[in-house]
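Here the chain labels run A, B, C, D and E in written order, and each chain numbers its own residues starting at 1.
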Amino acid sequence: MLTVEGLRSRYGRIEVLHGIDLHVDSGEIVTVVGANGAGKTTLLRCLSGVQPLSSGTITFRGEPLHLVPAYRRLARGLAHSPEGRQIFTNLTVEENLRLGAFLYTDERVEKDMDDAFQMFPILKEKRNLVAGGLSGGQQQMLAMARALMGRPFCLLLDEPSMGLAPIVVQQIFEVISGLKALGVTVLLVEQNAFGALKIADRGYVMETGRITMQGPSEELISNPRIREAYLGL
Amino acid sequence: MPRLSAKSATLLVLAALVVVSPLFFPSGYYYRVGALIFVNGLAVTGIVILTGYAGQISLGHAGFAGIGGYACALAPVHLGLPPALAAVLGVLISGALAYLVGRPILRLKGYYLAVATLGFGILVSMVLNNERQLTGGPDGIIVPDLGLRGLLKDWGLNISNGEFWYFFCGIALLIGAWIALNLRQSPTGRALRALHGSEIAAQTVGIDVARLKLQAFVISAVYASVAGSLLALQNKFITPDVAGFMHSIEMVTMAVLGGAGSVLGAILGAGVLTLLPQVLTVFAEFEQLVLGLVMMLMMIFLREGLLPSLLRKLRGRDE
Amino acid sequence: MSELLQFLFSGLTVGAVYALVALGFTIIYNASDVVNFAQGEFVMLGGMITWFAYQAGLPLPLAALVAILATAALGVTLNKLAIEPARGAPVVSLIIITIGASVFIQGAAQQVFDKQIHSFPAFSGDTPLRVLEATIQPQSLWVIGGALVVFVGLWLFFTRTLIGRAVLATSNNRLAAQLVGINTNFVMTLSFALSAGIGALAGVLATPITLTAYNVGIGFALKGFAGAMLGGMGNPKGALVGGFLIGLIEALTAGYLSSTYKEAVAFVVILLVLFFMPQGLFGSKSTERV
Amino acid sequence: MTLLSIEGLGIAFGGIKAVHDVSLKVDPGEIVSIIGPNGAGKTTLFNMISGIYQPDSGCVLLEGEDVTGMAPFRLASRGMSRTFQNLQIFQNMTVLENAIAGFHLQERGAVLADLLHLPSSRRRARAAEAGARALLARVGLERAADREAGSLSYGSLKRLEIARALALRPKVLLLDEPAAGCNAVETEEIDQLIAEVAASGVAILLVEHDMKLVMRISSHVVVLDQGEKIAEGAPAEVSRDPAVIAAYLGSEEAAHADG
Amino acid sequence: EIKIGASVSATGPAAFLGDPEAKTLEMLVEEINAKGGINGEKIELVLYDDGGDPNKARTFATRLIENDEVQAIIGGSTTGTSMSILSVAEDAEIPFISLAGAIDIVQPVKPYTFKTPHTDRMACQKIFEDMQKRGIETIGMISGTDGFGASMQAQCKDVAGEYGIKIAADETYDPKDADMTAQLTKIRNTEGVQAVLNPGFGQGPAIVTRNYRQLGIELPLYQSHGVASDGFIELAGKDAVEGVRLPGTALLVADLLAEDDPQKPVVMAYKTAYEERHNEPVSTFGGYAHDGFALLVDALTRAGSAEPEAIRDALEATSALVGTTGVYTMSAEDHLGLDLSAFRMLEVKGGTWSLVE
């Protein structure tokens, strides 16, 4: 579904991704773990097109993606729930969701919105309020719900569990697992590495802009180095 | 080799420019242009403090320049003050007015602050325009001679009017730049830049945001006032144009063009924008066209302003 | 009584012009947070191009259409050549670009056209309409009507259409807008086209009253800006009310207090309003949680 | 005497009670954690305590003195310091300058001295810089000191905020989700840092969703739900409370789970 | 080669003054060079646009004198710019012919400064004379707040008493205003007003005139020489402008001048040349520049030298020089050299200017 080869990216003159190779197969949940500043967010930004590559290729569903402008990538089926939530703070919750489905004008939008409200009932309660007034966790839910409104084949999630109550974290991980059943592929960046690896099929470990380890989740969970460096066990 | 601090480097560059440039002046006219650049540079240094450091926009600073200028025209006639003291009076009035006006309007943010300052500037220029009995109205008013040149002559230093104002304004600019540079690296300067970044966070580290903004506003008003006084004294004549909206815009443009966050940059911006019309006279009819084009191109390709962008490019090549 | 009515007519006429200019500001501002100081030049072009086309023999309505389209095209060009290449620059830099554009357009206009003052016939003649003892020019009704129509159009655009909301989304969070599939470049192009077109329309409607010349832009921009800020930047309702308010305050001050200081009074009112409502009359306070 | 005590604090937004009648106390050296579902009002409570919101009812006592609704910068000078859930970084400054800004109260002096670059001003600035560097080292950011703050990753910014908050040498420290965006190992580092600060006699109020962290270091836990206090007590006690489990934890294991 | 400097406001708010001035100077210099120059020497014109900004004007004056080393300066479209140039020129002892209205420019007399336009005061006097003839005693004024309007407003108020005229209403408008009905309503409702006077230039007076008719005010309306051009009739609209009077120069009614009028050949020559070349009607202001240049040429010819000192002396000795504005005779006490006869009272009749007998 998604293949990345030799991806490099820089902020100004400083390169922060030094040649990333990774792939996500259809229907998979793949997670990327790494320390603060490893470059996980930058990787996702490259994939969704809001961050330029300096070299490398991205192939998505068999077609090159890296030349497609960011705004067209959702139409191709790639959605991104970014770090820092990036919701439209001046618009209402409902408007945020509707904009998530900006590309569509059919009836399914209403249905998707109902689904989103079912997933996060609190959003329904606040649907007519300005999103900027939501609590941090509520905004995080909104960001995730908005990404889902875009009907992606593949979803890029940057720390979706951040700032969420434990009960919601569990729920979020369940939702992500559930997406798999719906045929949505997920690339998940998580600091809650343990939780992420538990639901993922495979995982990558990223250190200062490079992939240093990869493998099936169970393997990574049981790897002593990872247990010590990322899982704190 | 011990590294020069940015401050000393800036001051050295400026001082060298002031002293060395005259060696290359083919005629007295260049002293005039130099003096204008220095005066504008001084006004714009005030904008650096307000806009570059503290992030507050003012579209009415020409109002303070007007007050400074008219103080020099009116105080000698009506109060019998010598022109130099009149300039000080201008500073006091500008400062006091900035303090009074700043208190309510500095609560505003962004464009709202811009329109409020704009309103202030317009009020000042309107008074200067319409109180004909006092100010001479739109036709302007004569400003008495500073008299310092005569004094220098008595001391055996005989320089032309152009030279005198060139060096006088040059020194004023150096002092102004020195103060602004002091401020930048000082605790107060840091606090100003902090409130620019986030007012809430600035508050929680104990910065009295309202007060600090007001201080920056007053300081920058003083700069504008002194610049206005220098201009008036030098021209020996003043019209309400100094306080006009276009002059306010010009000040901000100079600062942003050169790089609002940096004193040297802003002075450079003042230089460019003062020189440009002089250079563009060869285009005569097309002057405005070219001026607009140059402004746009500079901002497109040197978006952080002339100096910061150039420095960044230079540094990029070094590494 | 008839005196008051006459002052009100005067205020409404002038206010409608301000309101039209202020409305022109809202779209670009809503899409990019940039106050486009070249907006006044669009108004000038609307009048000047119409005059020239009219002189050249085009019927007035056609001349007006040409002016509006040409100005909209210029707006798009401005965006493509000057605003888009500066993407990511600080807002002040963008503002300076628009000021540069304003200087440039003015310089170009005095070359392409001339430096004379021009006017073209009012749309429905010059016979003043009498209401009680007061009179109003038919063209004033055109300007007032124009302001109302543009207002309603913009209001529907921003509240009822998805693309209108996409404009708001773009200024609120450009990154997120791209992520939901909004072509932010297109949104910008559209905004410039619309803003410029509305500006030109203002010029077309107002010129029979205000007359036009290559250098009238700044005056319009200033008053429009003040009106927009008084009402609350970005809100069409604010632009409309703000523009009319300033016009009315000026006319009433000129009538009852002092014509010399009528603008001063207008600005004092603006300062007072902002003192109590820092976001203007209808500006929404942006909610950013910490 | 209690360092910080809050009595009956409440606020509403557009008629909706975000916080209602919440009281709590923190003593020097104590770590009081506030937990609760998203939107329970934790951040809002912080905003009222630190003077950013004006509470509709109730009062905040700092060292026995009523400081309700006092401006944030005044509270800061009385020893209150905080971090933000939605980062508030001075983007236009370097990492070091961000940290130095935290020393504002210690380094500020007369504006005139600063304008004229008097020795007193230089001395203050030097002291602040030294202190800031030490703090950056403490949060592991010493190598990033000269970078522009805007270029740090999320997790690093979080730590920069903590450094800046510590720079005030607070008596009360309010931390809003300090471990968000940090992995388990990084969280442990923060955990230690907080414990050290508390041990030095600072009263700490902590909002955090990472239960491991909360359970490990809190001396007392307060649970909010829909703006009201629904439970409080020792960490272990609270984590077994059925109401807390239902509203917040989801399951008892969640409190002790690895993550 | 003789170098002449000029700094005028070809752009900016005073462009209506400076633009025709610049065009006129360029045209005349070309003409005279085509004829072989003065005393066999060609003239070089160094022309700058000060945009109406006195500060810029001073810089350009300095540049003209110190850098371009001109022998004389023409320019200063506005009073403000003239005052700026004046002080530089006096310091450097370079003759300067101002094109601005205020009397302060040549009063008190400064050795090197001269001017061509009649003063605002003279315009007021001419108007009041005419009013007196019509038996008008109480008037209302509505003036632009620009330099031109404000200066004339002040002069008129100053001199009105001499003609027994009372100014009962005194309103102003901003040059950018779009509607003056409020001010005019106020004037209309002022007790006893018999006529209205509107000093100003640009679009303001055109709008005033239209609003005047819109309000149906029947009193005589006087405009100033600021709008003395055919363009004004067109802008204000033929119907609205009918009956408006203003003090203008011979230039505007060139065709109507008596054949024996000494000014006729001069104004006709200038008018035809200018209109042919620029395809726009001549204006009074271009005429000022024409006269300034004519004065200079005359002085240069008589002086037989391009030394500033000699030019100055010759200028002061100008006698009966016929210009478009009037006939100039300078002296050590009078650096303007015009009298009231320079102005002619004009009235719009049937959509064109006509002379009031």
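Note that contacts are C-beta pairs under 8 Å (C-beta built on N, C-alpha and C of every residue); 3 or more make two chains touch, one makes a residue touch a chain.
It should be emphasised that the depicted structure is a prediction, and the values quoted were computed from it without experimental measurement.
Minimum number of contact steps separating chain A from chain E: 2. Listed by label, the chains touching chain C and chain E alike are B.
Seen from the Cα centre of chain A, the chain whose own Cα centre is farthest off is E.
The greater number of contacting C-beta pairs, out of the two interfaces B-E and B-C, is seen for B-C. In this assembly, the C-alpha centroid of chain B lies 42 Å from the C-alpha centroid of chain D. Distance between chain D and chain E, defined via averaged C-alpha coordinates, is recorded as 73 Å. Chain C and chain D, compared by their mean Cα positions, are separated by 47 Å. Here the CA centre of chain A is 28 Å from the CA centre of chain D. Under the contact definition stated at the top, the residues of chain E that touch 2 or more other chains are 11, 145, 172. Residue positions 43, 52, 84-86, 88 of chain D each touch two or more of the other chains. Chain B has residues 130, 200, 287-288 in contact with two or more other chains. Considering their complex, residues 43, 47, 52, 84-86, 88 of chain D touch chain C.
Note for the complex: chain C touches chain D at residues 288-290. Chain B makes touch with chain E in their complex at residues 26-30, 32-33, 36, 129-130, 132, 137-140, 142, 161-162, 231, 235-239, 241-242, 277-278, 281, 284, 287-288.
Chain E makes touch with chain B in their complex at residues 11, 47-49, 52-56, 58-59, 62-63, 65-67, 78-80, 83-84, 87, 91, 102, 104, 145-147, 150-151, 154, 172.
Residues 51, 57, 104-105, 107-109, 111-112, 114-116, 118-120, 122-123, 126, 130, 200, 245-246, 249, 252-253, 256-257, 260, 285-296, 299-300, 303-305 of chain B are the ones touching chain C in the complex.
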